[in-house]
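Each of the next two complexes has chain A plus one other chain: chain B in the first, chain C in the second.
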Partner chain A sequence: MPLDAIPIVVINPSENSAAADRGLSGNAPVLLREIAQLTGRLLDSGEASAIDLRALPLTPADLDWLRETLGRGQVAATLEAEGESTLTETVCPGVWWVTHHNENGAVASEFIEVTFVPELLKAHPDDVRIGLEHLELLISDLS
Partner chain B sequence: MPLDAIPIVVINPSENSAAADRGLSGNAPVLLREIAQLTGRLLDSGEASAIDLRALPLTPADLDWLRETLGRGQVAATLEAEGESTLTETVCPGVWWVTHHNENGAVASEFIEVTFVPELLKAHPDDVRIGLEHLELLISDLS
Partner chain C sequence: MQGPLIDTLARQGVTRRTFMKYCATLASMMALPPAAGRAMAEAMAAAPAAARRPSVIWLPFQECTGCTESITRSHSPSIEGLIFDAISLDYQETLMAAAGHQAEEALHTAMRENAGKYLLVIDGSIPLGLDGAYSCIAGKSNLEALKEAAQGAAAIVAMGSCAAFGGIPKANPNPTGAVSVSDIIKDKPIINIPGCPPIPVVMTGVLAHFLTFGSLPELDSKGRPKAFYGETIHDRCYRRPFYDQGKFAHTFDDEGARNGWCLFELGCKGPVTHNACATVKWNGGTSWPVESGHGCLGCSEPDFWDGGGFYKALSMPADPLKMGAAAAVVGAAAGVALSFANRGKKSAAKSAHETTTLADLEK
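Moving on to the complex of A and B:
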């Protein structure tokens, strides 16, 4: 990534020294505003979006702050594929914290998804068709 | 429920004595065929459906057989409301085993849902709107 593509947030030391001491870059609140905009867009047009947290200049402290600020909502889901994915709704319905792990359990990627329901939780018609064939095989074995 | 509303499955003792010994009524395979039909309907028309397992004459052994036969798929989700709901996709994508618990953790109701994604996992627009207001309040507190 070219250096000039990284948005720089100027931290005023007199106001933000406590935040900087805690390892906060000041970028997390900017992201919170972005999430609010995307949520508004979801409501207005139904358009879903995702923010790749690994592609942004966020410190571990920023991520902790964001996770704590967004909180944990009512729905939590896991998808077991080659690695586990966790999809946790935040206290803001429609805003999901999505973490993909690799086969070794390490975090491979992390997203904020702004959507009524993440695509990953929906069964794909092709898979439903394969499942139905499996079901029909089970049934034919019974008779 | 009137007695004549209960579908009776005649078990041939010579053929099914082993099944009857295990507490199987013979109704679970009938249900499996129903699930296959509903899955076909989902694929053909997009129409989702639910089977109330508590409203059917199924023995605990029937339910165990059904759960084992349908297996456990890739997606599992929980919804924490007044009691916990668990929504587990079976090995047949689009066929979900949904269990609702009351506040004391006891099973309150149990369904097979045949749907691309259970409605309970979708954020409702009204809730998204309330979440956005909460987010905007958080943001205004930051500045």
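Moving on to the complex of A and C:
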């Protein structure tokens, strides 16, 4: 039987664009209030915080909506560590979207971090010390 | 954040940031608050180097080796593997090179030299029928071997549903008289890691905890680590919003199934099953049963095999009534679900083109 002879029936035509049909659960918009509260706390006390997006009942469509709503800011950083991690500032400065991928490219964990600079981006003094030793080695090679 | 583990990792080419990322993900998997990731990274990295690596003895009893498969094929040999490097696996029949007398000698040497300190891992149930003749290793029944090995153990890990609760061997009519580890050993701390098979990262998490703090993590009333078994599949299911809205798949090929709605009516045991599949997922985070469109079987709960049918909704009376009774705990929400279930049945009866029915699946 040729392929085009197989009838294709669309069960769910997207004529009614109700939120539920797009897979939205309604749980995403409330997160905006939580993020706002955490941002306020960051300003008041400097305390950074994070929301584990995997710990919440959010559908893929919810995550897309949230991502789209928060938008992309000016800063985006990529970390290569057993799979790619992306740390992107949203249009709200101080609100970061952090996605960790595993070696297979699948999302291992996903967070919204409310902080001036994500901890993962800062260099640790021990590592800086190793870097300094390396620099001194480079300089000694010059002579 | 400095210490022997971070140095070991650095020598293996694992950077501090990689380790921090791993801990953030592990914390997320353990359903801990995001801040715990950093705390864990610091605690694990700063753990003092033991003079010798903790000894682990792994005894297989009445089992299918599925648990070992699950653990050993969990991940690419990266950080999880390195954490395993921090232990000394002294006896594991499937993995060890030695066999016969050599293997037995390794077992007894490890038990003697680490008396009172080793971690004993058991997979499989223990058959008591015919004086234990159903499963023997080196001429010893599993019962004898367990009692002997348990004596010098610091703690026992019952790996998989068989060791934890008796599992499939114990399923009605239990021809071999299978029992769980905790049915026999009463005087040692036992940690149950049920699942058929269990999620690999649970083992890593327990090991990490044992290495970091020298103790077992907090357990629930059934001896399971709360971090992974504290909530039900249903609590953390991404399809939960559809349950709350009363949107259910009635068959495996209807509109609801295509829309990815809740599988409660198709027999999903998520509401009464405590496990971390919904957050950790399987095959390196690729997917998990509900995500691939099939309800949870409840494999990490005691007697899951005799729950009355994998495709019977929890709200329908099941034969042994065990799981049905447990569903009442879900409370008012289940009542709502039930009314939707009835409505669903009515509309299903009206439909002339019913392709797959629950009755078909029950056959």
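Operating definition for what follows: the second predicted complex is superposed on the first by the 126 of 143 C-alpha atoms of A that agree within 3 Å, B and C clash if a C-alpha of one lies under 4 Å from a C-alpha of the other, contacts with A are read in each partner's own complex, and residues count from 1 in each chain.
Definition applied: a contact is a pair of C-beta atoms (placed from the backbone, for glycine too) under 8 Å apart; a residue touches a chain by one contact, two chains touch by 3 or more.
Because the structure is a prediction, the values reported are computed rather than measured.
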Checklist entry - Does the superposition put A:138 against chain B (first), chain C (second), both, or neither? => result first
Next on the checklist: With both complexes superposed on chain A, which partner does A:27 reach: first (chain B), second (chain C), both or neither?
Outcome noted: second
Checklist entry - First (chain B), second (chain C), both or neither: which does A:92 touch? => result first
Next on the checklist: After the superposition on A, what does A:82 contact: first (chain B), second (chain C), both or neither?
Outcome noted: second
Next on the checklist: Just to be sure I read the superposition right, which of the two partners does A:106 touch: chain B = first, chain C = second, or both, or neither?
Outcome noted: second
Checklist entry - So, A:57: does it touch chain B (first), chain C (second), both, or neither? => result second
Checklist entry - After superposition on the shared chain, which partner residues are touched by A:117: those of chain B (first), chain C (second), both, or neither? => result first
Item to check | Footprint overlap on chain A, where chain B in one structure and chain C in the other make contact | outcome: 79, 81, 120, 124, 127
Item to check | chain B residues touching chain A - in the complex, by the definition given at the top | outcome: 29, 32-33, 35-36, 39-40, 42-43, 69, 74-81, 89-95, 116-117, 120-125, 127-132, 134-136, 138-139, 142
Item to check | In the complex, chain A residues that touch chain C | outcome: 11-12, 20-21, 23, 25-27, 49-52, 54-55, 57-60, 79, 81-82, 85, 100, 102-104, 106-109, 111, 113, 119-120, 124, 126-127
Next on the checklist: Considering only the defined contacts, which chain C positions touch chain A in the complex?
Outcome noted: 1-2, 14-18, 20-22, 24-25, 28-29, 31, 33-35, 38, 76, 78-79, 236-238, 240-242, 245, 247, 255, 258-260, 279, 284-286
